[in-house]
Amino acid sequence: MRTFRLVIACPDRVGIVAKVSNLLATYNGWITEANHHSDNLSGWFFMRHEIRADSLPFDVDGLRTVFAPIAAEYQMEWQVSDSAERKKVVLMASRESHCLADLLHRFHSGELDCEITSVISNHDDLRSMVEWHDIPFHHVPVDPKDKKPAFDEVTRLVNEQQADCIVLARYMQILPAELCEQYARRVINIHHSFLPSFVGARPYHQAAQRGVKLIGATCHYVTEELDAGPIIEQDVVRISHRHNAEDMVRLGKDVEKMVLSRGLRYHLEDRVLVHDNKTVVFG
Amino acid sequence: MRTFRLVIACPDRVGIVAKVSNLLATYNGWITEANHHSDNLSGWFFMRHEIRADSLPFDVDGLRTVFAPIAAEYQMEWQVSDSAERKKVVLMASRESHCLADLLHRFHSGELDCEITSVISNHDDLRSMVEWHDIPFHHVPVDPKDKKPAFDEVTRLVNEQQADCIVLARYMQILPAELCEQYARRVINIHHSFLPSFVGARPYHQAAQRGVKLIGATCHYVTEELDAGPIIEQDVVRISHRHNAEDMVRLGKDVEKMVLSRGLRYHLEDRVLVHDNKTVVFG
Amino acid sequence: MRTFRLVIACPDRVGIVAKVSNLLATYNGWITEANHHSDNLSGWFFMRHEIRADSLPFDVDGLRTVFAPIAAEYQMEWQVSDSAERKKVVLMASRESHCLADLLHRFHSGELDCEITSVISNHDDLRSMVEWHDIPFHHVPVDPKDKKPAFDEVTRLVNEQQADCIVLARYMQILPAELCEQYARRVINIHHSFLPSFVGARPYHQAAQRGVKLIGATCHYVTEELDAGPIIEQDVVRISHRHNAEDMVRLGKDVEKMVLSRGLRYHLEDRVLVHDNKTVVFG
Amino acid sequence: MRTFRLVIACPDRVGIVAKVSNLLATYNGWITEANHHSDNLSGWFFMRHEIRADSLPFDVDGLRTVFAPIAAEYQMEWQVSDSAERKKVVLMASRESHCLADLLHRFHSGELDCEITSVISNHDDLRSMVEWHDIPFHHVPVDPKDKKPAFDEVTRLVNEQQADCIVLARYMQILPAELCEQYARRVINIHHSFLPSFVGARPYHQAAQRGVKLIGATCHYVTEELDAGPIIEQDVVRISHRHNAEDMVRLGKDVEKMVLSRGLRYHLEDRVLVHDNKTVVFG
C-alpha cells in the first residue's frame, strides 16, 4: 500500500496535532499510522503520520504545498516522503561479509524497501556475492598513505548514484569529514560494541579484557567525532567465561547484523528523528 | 502532574483524530502523550490521550460533557479518567508471597499509583507482611467442599470496598463466574506459564515434562474460560537441563512478578484496550 | 585445533568421572572442555569431553578401543567423534529462503563446521542461490496426491550422500516415518512457534488470533508425532498490537534462523544428548 | 541436601580432573554438580565440585585434610565450604529501598541461603522494614566532612559480626580502602549502569544524555578503583525516547535488583572464581 509519510519536529505548543490532523481530514486523508512524542526536557514535539496515498486528491508535491504554511507557522523541521519513491542506498563494506550478506538477502527477499545502487568496497573479496544479487560492485582500494584519491572516488560514485543514504556495513575505514557533512544524518554505521563502551578499534578485545557479561552492537548516524553520533538502535547478547575472543566475534556478528538491519529499516521508513544528538525512533 | 486520560475505541474512519484533537485544542488542552492504533484486520481504531488537567477550563466531568457528542457521533467505546482519582485495588493471594510482596513494595515506594483497599487471602500466612504496609488483611478460608460462602464473603468485601480492580497475585482459586462478569476486564491474573502453553495446574511441571528451553508468565484479564482471557503482558526466562523443577519455580517467580507488575501498571494508567479477546497496550 | 569428542549417557553412580578421567590421564589426554550433568529425576548421568587429538597416542579408533571396556562396565550409551571428520549434512528447503540463506552464509564464511552434501527442495526457486555456494541442488517435486515417489527419491539421495544429518530449513513437508526412524535424532526441524504452543500449520496466524505478546521459534529433532520431538533450542521476540501477521512473519524469520543455526551448531559439535524425549545441551 | 563445595583455580596441566575425581571416588564421594573451565588465554584451570556431604566418611575438615596434598602438588588456589555453614552477610543501604527489600524478601522466603547478621545504613529510613524481618538495623550516619568515625564504626560492626561478605545494596558511599582490602572479593556492589559505560555518579542521567537504547546494571566485587572491580553479573532493559529520567530510574531498579540478587546467589554458592580482574561464574 502506497503511503505518504509526514515527519515533523518543532517546539511544542498547544494545537499542533489539531492543526495537522484537520488539514489531513480536510483532504480526506486516511491515516494508517500516527506517532507523537512530546519531549519535556527539550520542549520539542515530534510527530510522524503515514497516510494512504490514494486517499488524498493530490500527489506528494501537492501534500507538500498544502502543508508548507502550517510548517512555517509552527517553525517545523519537516519532510514529506512517498513510500513509492524508494531510497537509493550505497552499501560500503570491507572484507567481513556478515552484515553485507544479511542486508543483501533482506533486499533480495523484498524485506528492505529501497534501491541498492551499488556496493563500494576497499577490497575485491565480496564482488561475486554482490554481483550474484545483480548489484554493481565498485572496488576502490584505499592507500593507507594517501587516502584522498580513494575517498574522492567514493564521493564521486555516491554523488553520481544520487544516493539518499550510505550504509557502512563494517567498512572499517573512517569517512572524510566533508562526506559525513554532505550526508549528515544519512550515513549509518554499525559499531561492534554497546556504545559508549569500547569506542574505537577492537571492541571485542576490549570487552574480553574487561570481563563483561554481555556484548553488544550499536547502529548510529556518523558524525565527525568517532562513534559519537546519534544512536538509532542497540542490542546485546549474553556471554560467559566459556567464550573466547573468537566466540565473541561469532556471537557479536549476529547482533551486529540484527541491529544494523533494524536501524536501516527505521531509517528507510522515515521513522528516525534526530534532535540534540539523540534520536526519536517511531518503531 | 495531574492528567485526564481519554481512551477511545471505535470503528475506524477518516477524521477521528482531527475531531478529537480539535476539541482538545479548542479548550487549550495540553496533550502530554498521544497514542493511536488502526487495526486493519478488525477495522477498529484505538486512541489514548493524556492531557494536563490544569490546561483545561473544566474538571473531568466537564471533559466528559463536551466529549460526549463526539463519542456518540463516532459510536465510540470510551472513558475519561482522572489521574488524581487513584483506582481502588483489591489484591488476592494465597500462601506464595513473591507477587504480593513485590506489589506491596512497589505500592509502598510510590511506584504503583493506586489505593490498595485490602488484601484478601484464603490463608492467614501473609497477614503480618500486609499489615506492616498498613493495609487491611482479610482471611477468608475456602472450604473445598462448599466454596460458595467464601466467595460470597469475597464478593461482599470487594463491593463494600468499591474496588475498581481485582488482582489475583497467585490466588490459586478460580473466582466464581458472577464475580468475573461483574468485574469484566477488571480482574487481572498472573499465570505461571507462557500461555497458551501449559494451561491449568502445575505449569512448571508440565514445562519440565516437555523439555522447553524457556519458561514464562502471562498477565491476563480473567474470563470464564480458564487461562483464556485477553493477554496484557508476557515474558520468559531461559532455562536449561541444569534447572530442576525447584529452580524453575524460583526463576519463574521473578518473571511472574515482573509481568504482573507491568500488566497492573498498564491497567492502572488506562493503557490497556480490549477488543475481540485481544489487547491494545499503549505501553 | 583437532579434538576428539567423547559423549556419554548412563545410569548415574559414584566413580564415573574418576574412571573416565583416569583413562584419559593415563594416555596424557589434554581435556579442553568438560561438561557433566546428573539428572536427579531420571537418575541418569551425562558427560561430554573434548580432548586435543594431538595429545593422545592413538587416533579416534584407538580411543574407542580403550574406552569400550569402561562403556560396557557402566552400561553407557556413548560415542566418540573426531572434529576433523566433518558431518555430512543434507539441507531441505521449500520456497522460503531465510533459513537456507542463513545456513549457507554461515557455511560459506566458515562458521558451520560441516560438509553440506546437497540441498533438496520440492521447488526449483532456490537453485541459483544454492549453486552460487558450489553446493549441488536437487529439485524433487512432491505430488500432493502421491508423495511416495518423491520421498523415495529423497531417501535415495540422502543415502547415496551418506548424510549424517538432515536439516529441514522450512521444508514444509512431513517426512515419511521410515526416513525419520532411519535418521532418528539426526533430523533437525525448525518450527515457527514457541512449542508446545501453536503446533501444526500457520502458527503465526494462530498467535495473532490468541493475541500473544511474544512469538517464538523451536528447533527440535523430528519424531513421528508432529512437532513433539525433543527440543534443542528456542527463542522469542516481543511483538505488540502494532504488528500485523506480515510483521510477525518478518520478525519471526529472524528468530527462526537464529534458533535453527544455534541448534544445528550444537548438533554438529555433539553437544546435544537426548534422553526421554528431552535434551541435555552442553552449549 | 547438604553438600561440600570444592572450588579450585590453578595453572592448567594434564591430569588434574583425574587426580581430584579419583580422590573423591576413593572416599565414595557422590558428585551432584561438576564444572570445569580451561582458560586458553591465561593457561589457568578452574573447577567446582558439589559433593553430597552424607556420601563422604568425614566432615568438611576431613575433606580439607585429604585434599591438601593434591592442592599443594598442583599449586592450587582452593577452598572447601560446607553448604550447612551459611555465610554471614552484612547488607549496607542508604535511602533507596528496592534492592534491600528484594534481598530481604528473598531471604525471608528461604531463597537466599545465608545469614543476614545486620543491615547498616547511613540513614534511618529503612529501619522498620529491616526490623520487620527480625534483622538488626544499625544507623551509622556519615559526616561528609569527616567520614572516618562512621567507617570505623562500620568496620567494628562488620568485624564483630564476623561477616563473610558485605553487600552494598545501593549504599551510595565509597568504602575506605582498608575495608575493601580486608574483604577483598567479598564486597559486592550493584552499579546502576552497564559498566564500563557510565562509571561514577548519576549513570541514568549520563545514559539519558547519550541517548542509549538500553540501560543496565552491573554486580561486581569492589576494588580500590571505582566501579572497576571484577564483574559478576550484568543485564539490561530496553528503553526508548518515551522514557524520561524518572522512567529510567524505575525500569533500572528492576534490573538492579535482579542483577544483584543473581550475583549474590552465585557468590553465596561459591560459584564465582576471580582471576586477573575477571570472573569465572559457574552459574
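Every chain is named by a letter (A, B, C and D) in the order it is written, and numbering of its residues begins at 1.
The definition used in the following text is that a contact is a pair of C-beta atoms (placed from the backbone, for glycine too) under 8 Å apart; a residue touches a chain by one contact, two chains touch by 3 or more.
Going by UniProt, the chains are A, B, C, D = Formyltetrahydrofolate deformylase.
Keep in mind that this is a model prediction, so the values were computed, not measured.
**Q** A-D versus A-B: which has more C-beta pairs touching?
**A** A-D
**Q** What's the farthest chain from chain B if centres are computed as the mean of the Cα atoms?
**A** It is C.
**Q** Fit chain B onto chain D over the CA trace and report the rotation angle, somewhere between 0 and 180 degrees, nearest 5.
**A** So the copies are related by a turn of 180 degrees.
**Q** For the two copies chain C and chain A, is the contact made of the same residues on each side, with over half of the numbers shared, or of different residues?
**A** Mostly the same residues form this interface, as more than half of the numbers used are common to both chains.
**Q** Any idea how many Å lie between the Cα centroids of chain A and chain B?
**A** That gives a centre separation of 37 Å.
**Q** For chain A and chain D, let me know how many angstrom lie between their CA-based centres, rounded off.
**A** 41
**Q** I need the residues of chain A touching at least two other chains; which ones are they?
**A** 33
**Q** Please name which positions on chain B make contact with chain C in the complex.
**A** Per the stated touch rule, the residues are 37, 39-41, 46, 194-198, 208, 210-214, 216, 230-236, 240-242, 244, 277-281, 283.
**Q** Can you name the residues of chain B that touch chain A in the complex?
**A** Chain B residues touching chain A: 14-15, 17-19, 21-22, 24-25, 28-36, 38, 55.
**Q** Per the contact definition, I'd like the list of chain C residues that touch chain A in the complex.
**A** Against chain A, chain C makes touches at 97-98, 101-102, 105, 108-109, 111, 128-129, 132, 242, 250, 254, 258.
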